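Paired with chain B in one complex and with chain C in the other, chain A is shared by the two complexes that follow.
And then the complex of A and B:
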C-alpha cells in the first residue's frame, strides 16, 4: 500500500530516509543471515584457509608446517606452470572471440524472425544438453580413425585432420563445439525484448538501416548484459577444466598443449599429493583473475550513459 | 607411499605375522608383495590374495596371428619381434591396426629398456638427491625414433588423444576387432565372462574357442632386460584412528574372506548361480596358489585352457627387481613430477612430422632440471648415501644374475660411471 505523503513532501521529490525501528532492523538482518553465513562458510572461509595452506606443506591427516614462500618459489621456477598460464590465457581469449559474439548475433537475428519461427529456432538452438555427455560425444567424434568429423572432412575432399593430436590446434578443437551452443543467447533475447519498439520505429523513420539500428539501439541497450556476461566468460575461461580434462586425458595432451592451470592443479600437483603447491597455484590463479576482472570492470562500465 | 606420508594408513605389521601371511603365500609372490607393500620397513596394507601380473602384459588375437602365418609371441620377446608382429597384423583393407596403445606407451616402452633405472643417477650432495640424465645416451633417441616409425610410418600402432589415457577405449577397439594387440591386464582378459562386453562373449560371438582366439604375453623386453615392477593387487588398508583391536578384526575379516573358507564359499556361490567355470575362474591367480575350491568342479584349466593358465603363471614369475621405496626412507617433502619429460614423449607420439627427438628430450630434461631446483628431500645426505649404496648393490646383483647381457652393455657402465662416484 502506498504510504501517504508527509508534511513537506510533494509528488516528484524524494522522501527523506526514515529511521528504521529496531524490530525492522533485526528482521532484515535475520533474513540476510542464512545466506551470509552460507557464503561465509562455503565461500570465504575456504578461500582464507587456502591462503593459509599455500604457505604450508599441507597434508591430509597430519598438521601442516609453515614453509614460507617455498611453494610459490617452486611454482615460479617450474616451466610447466608458465606454460599452463599461457595455455589458459590462450584458451580464454580464443573462447571469448569464438563463442562470445555468436550468441549475441544469433539473438539479434532471431528477434527479426516471425514469432513461430523464433520459437522453433529457440527450441532447437537452446536445447539444454548435459555438458559432460556432450563432451564425451565430441571426444568420440574427434577420433582420427573412426570419428564422424574425420569422415566428413575426408569425404569433402579435405586432408585427414589430427584434431586433438595437433598441439597447435587442440585448443581450437576444444572450443569448436562451444561455437554451436547458443545458451547465453536466451539472456540476450530477454534483454532485447525489453527494448521499447518505439526506439526502432523512430530509427526507421529517420532512415536508419538494419545494421545501424543494431549498432545504435540494440547493442547499447545490451551493454549491461554484455559486460556482465563477458565478466563471467573471462572468469570461466580462465578457470576452464572439464572440457580439456575429459577430451585430452588427465594431463592436457598432446604435450601439455591443452593443460590449463586448473588441470595442472589437479594433475600432477593434487595427484602427487603436493597439496601446498596445488593451493599456492590456486591462489596465484585467483590473484590473476581478480586483477583482470578489476581492470576490466574499471574500463568497461555497465551504464551505457557513462 | 603418498597415503602413508599423508598419515592416512595404520601400521599393521604385527598382524602380518599373526596371520602367518608369508607362510601361506608362494615364495616368489610373497617376495613380490612384501617388496611393494612396505614403507620404512612397516606394512600398511593387507592383500586380497588375488593378483594380476599387471605391469607389462599384452593380450593378442591368436586366431589372426595363425591366419596370417605369423610367429606367436613368447614371454621375453623383443621389441623388434613385436614391431614385426604389429606390422604383420595390420590390415588397412579390413580396418585392423596391429596394436593400439595409449599415448603414454612410449615412455612405458622405454622403461622396458631400462629407462627408469638408467636415466636417474643419484646425487646425494644436491638438495633433491636424484637427477635426470637422458641426453648423454643416444640409445633413447634411437628407441624413440624406432617407435615413431612403427607408429607413424608403418601405421601399425594406433594412438589417439581422443581415446583417452586409460585402457577402456582401446579395449573396446580390441573387442570390436579393430586392433589385434593391446596392453591389457588379466582382469581384462578373464573378468565378467558372462557380460556382452567380455572377451568370452566375443569368442562366443565369433564361434571360436576362447583359447584359440586369445593369447597373453609380457610387454616386449629391450636390450636383454625385462622390467619387473611387480604385480597388481587390491590391498586393504586401515585408518590410523582405529584401535589395534579394530585393526585385528578388520584383517581377520579380510583374511577369512580372501585367504580362508570365505574364498571357497564365494566360488561355490558363483558356481551355483552361473554353472559356468569361466564365471568361477574369472580370477585364478592367487598368492597362495590355490586352484581348486570345495563344491566347485574343475579348475581354471577347464575354463581357459592349459596354455593360457600356464602363460599367466609364467608371466607372474618374471623376477621383481629391488624396489627403490623399500631401501630409501619415505619422502616427506613434495617430489617433482616427470611431466616435463612425459610432455615431450606425448608430442613425439601425437605428431607424425619429422622432428629432432634429441632436442625434444633435451628440452624435457632442461625443464625437469629447472623445476627440480625448487625441491629438497627430507632425507639427509648421509642417510641417502647409505640407502643408495644398499639399493644399487642389490640392483647390481639382481641385474647381473638375471640379465647378463643388459648388465654388461647397459647397467654396468651406468653403475660404475654415474652411480658409484656419487655414493661412495
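And then the complex of A and C:
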C-alpha cells in the first residue's frame, strides 16, 4: 500500500498507478465499452460505408453495383452542383463575417457592467429562441405584403424589396437574423471571467488605452476559444441546411439561389433516391471542408503555451 | 470595470463613454428581446390584423383566439366553438407531437450523459499511455467529418442494422435472412445515433483532466470501486460541465429537423419540429410570401384560413416550441452558476 499523499502532491500522469487492481481493470473496460460500441456502429461504420457507397450507384430498393468514379465525374461537371457550392461558400463566408464578431464584442463589453447588471444581461442577452420559432417569426417579418421589414423599407423611402424572393440578396436576408444571435457569447464570458483584473490594472499603469487593453489582454486570452468556435462556425456554416431550407421552401423560390450543398443533397438527389450520387457529393463536401480546415489551421497556429 | 481606467478622477469624457456603453448594451438587449415580445403580441392579435400591411406592435383588440385554436388542435376539444376543420389541421392532437419530442430528447439525455461522461472519465483518469491516446483518437476522430457524409449511410443503417442495404442478405447457403434491427420509423432512430456525442466527450474529458490526480488517488486508498469514486467525488464536482452538456444536447435534439424528417415517416411519431415546419410550409405555399401575394387560391391554405389559423396561431406554436428550451436554459444556467461559484472561477 502506498503511503498517503501529502496535500498538493500528485502522482503525475506519467507513472502507471500501481494500485489499479484487476477489478479496476474490468471497470475501466466497462466504462468505455458502451460508448465504444455506440460510436463504432454509428460513428465510424457509417463513414466507411459512405466512402464505399460513393463509388456505387446505390438506389434504395436495389442492391448497389460498383461504378467507380462515375458519380464523381458526373457531379464535377454538373453546373447545378457548382452553383450549390458557390452558394454554400458565400453563405458560410457571409455568416461568419456578419455574425461571428458580435458575440465576442458583446461579451467583452458586458464584462464592464456591475455585477448584478451583468447577471441579468447574461440571462436576457443569451436567451434562446428556438430555430423553428425563428423561422415562423422571420418568414412573417419578411413577407412582401404585410411583413414588418417591408413596412420599414417603404416608409424610409426605399423601394419595395422582394426579400426572400430576391435571387441576389436572399443569402443576406437569410443571414441577417443571425446577427441577433449571441449564444456563443456565454462561452466567451466564462473565459473572460478567468482573467485576473490585475492584468488590466498593470496595463493601465503602463498607459494602455481602452482598445489597446482589449487587443493585448482580452483577445489573446480568448484566442484558443475563438479559434475553436471559428472552426465550428466554418464547418457548420458549410453544412447549413435547416434554416435556408425552411425559409425558402416549399417552392425554393429564388430558383437555386439559396440552395446550399446539403440542400442539394436532400432535394434532387434524395428525392430520386440516387444514394450513390448523394453520398459522393457529401464526400466532395467533406474534402472541401477538410482542405479549408487544414489551410485555416496552418494560418492560425495554436499557441504553444495553451 | 477592468477596461475603463480605475485610477484618477473620473473625467466627464469617461463618464459619458461609460453611459453610452451601458445604454447601447441595454438597447441591444431590447433588440434581442424584441422577437419574443413580437411573437407574444402577434399571438394575441386577431387573424385579420396579422395580415394587414401595417405592422402591429400592440393589438388593437387583443384576443386569445389563437391560443384557443391551438388548444383545440392540442386537445381536440370541440367545445370552444371552432370547426371540426380546425381540430384536424394536424393529423394528431398537438400533445402527441410534443410528447414525441420530449421523449426523444429526455431519453437521449438519459442515455448519453452517463455513457459519454464515463467514457471521458475512463479516458482521462483510468487509462494510461497508449490505450488512452488511441481511445481518445477513436472517439474524437469523426468530429472532423461533417455530418452530411454519414447522413445516408446512417439512414440505411436505421433500416437494416448492421447492413446498409435495402434488404438484409441471406445467410450464405440458406434461405433465411440475417437477423437485423430496424429502428427506422421509431423514436429510437433519433435517440440511438445521438447517444455518443463527441463534443460532450471533449468537454467532459477537458474538465476531468483538470481534476488533480491526488484526489482520485486518495479516494482509491480509501477503497471502493472506480464507479463509486466517480459517483461520490467526481460527479458532484462536475455539475457545471454536466449542465452545459445537458443544455447543448437538449437544444440539439429538441430542435433537430433533418434527421427526424428523414427517418420518421409515421405522422404519429414525428417530433414537433417536423410538424410545425410542415404547417408553416403549407401555410406559405400559395406564394403568400411571394411576389403575387394576396392571391389566396390554394385550397389547402384556404382551408387553414377558414379554420381560423393564421400567423397568430403559428406564433403560438412557435412559442410553445421554444418554451422547453427556455425552461432548460434557466435550469441549466442555475446549475452552471452554482457550480462555478462552488469551485471558484477557473
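Keep in mind that, in the parts below, the second predicted complex is superposed on the first by the 268 of 306 C-alpha atoms of A that agree within 3 Å, B and C clash if a C-alpha of one lies under 4 Å from a C-alpha of the other, contacts with A are read in each partner's own complex, and residues count from 1 in each chain.
Simple rule for what comes next: contacts are C-beta pairs under 8 Å (C-beta built on N, C-alpha and C of every residue); 3 or more make two chains touch, one makes a residue touch a chain.
Fair warning: this is a prediction, and the values are worked out from it, not measured in the lab.
Between chain B and chain C, the partner in contact with more residues of chain A is C. Looking at the shared chain after the overlay, A:57 reaches chain B, while chain C stays out of its contact range. Once the two complexes are overlaid on the shared chain, A:143 sits against chain B and chain C alike.
In the overlay built on the shared chain, the residue A:80 is in contact with chain B alone; chain C does not reach it. In the superposition on chain A, A:277 makes contact with chain B only, not with chain C.
In the superposition on chain A, A:167 contacts chain B only, with no contact to chain C.
By the touch criterion defined above, A:128 lies against chain C but remains apart from chain B after alignment on the C-alpha atoms of chain A.
Residues 59-62, 139-140, 142-147, 162-165, 249-251, 253 of chain A touch chain B in one complex and chain C in the other. Note for the complex: chain B touches chain A at residues 2, 5-8, 97, 102-103, 158, 160-165, 178, 240, 333-335, 337, 339-340, 342-344, 346-347, 349-352, 367, 370-371, 373-375. Contact residues of chain A toward chain C in the complex are 1-2, 4-5, 7-13, 16-17, 19-20, 23-24, 27-28, 31-32, 34-36, 38-39, 41-47, 49-50, 53, 59-64, 106, 108-114, 117, 121, 123-125, 127-137, 139-140, 142-148, 150-151, 162-165, 180, 182, 190, 193-195, 197, 199-201, 204-205, 210, 213-214, 218, 235, 238-239, 241-242, 245-246, 249-251, 253, 261-262, 265-266, 275, 278-279, 282-283, 285-286, 289-290, 293. Against chain A, the residues of chain C that register as touching in their complex are 1-7, 17-18, 21-22, 25, 28-29, 31-33, 35-36, 38-39, 42, 50-55, 115-116, 118-119, 121-123, 126-129, 135, 138-139, 141-142, 144-154, 156-157, 161-162, 164-167, 192-193, 195-196, 198, 201, 212-214, 217-218, 220-221, 225-227, 251, 254-255, 257-258, 272-273, 276-277, 280-282, 284-285, 287-291, 293-294, 311, 314-315, 317-319, 321-322, 325-326, 329-330, 333, 340, 345-346. On the side of chain A, the complex with chain B involves touching residues 57, 59-62, 70, 73-80, 139-140, 142-147, 162-167, 170, 247-251, 253-256, 268, 272-274, 276-277.
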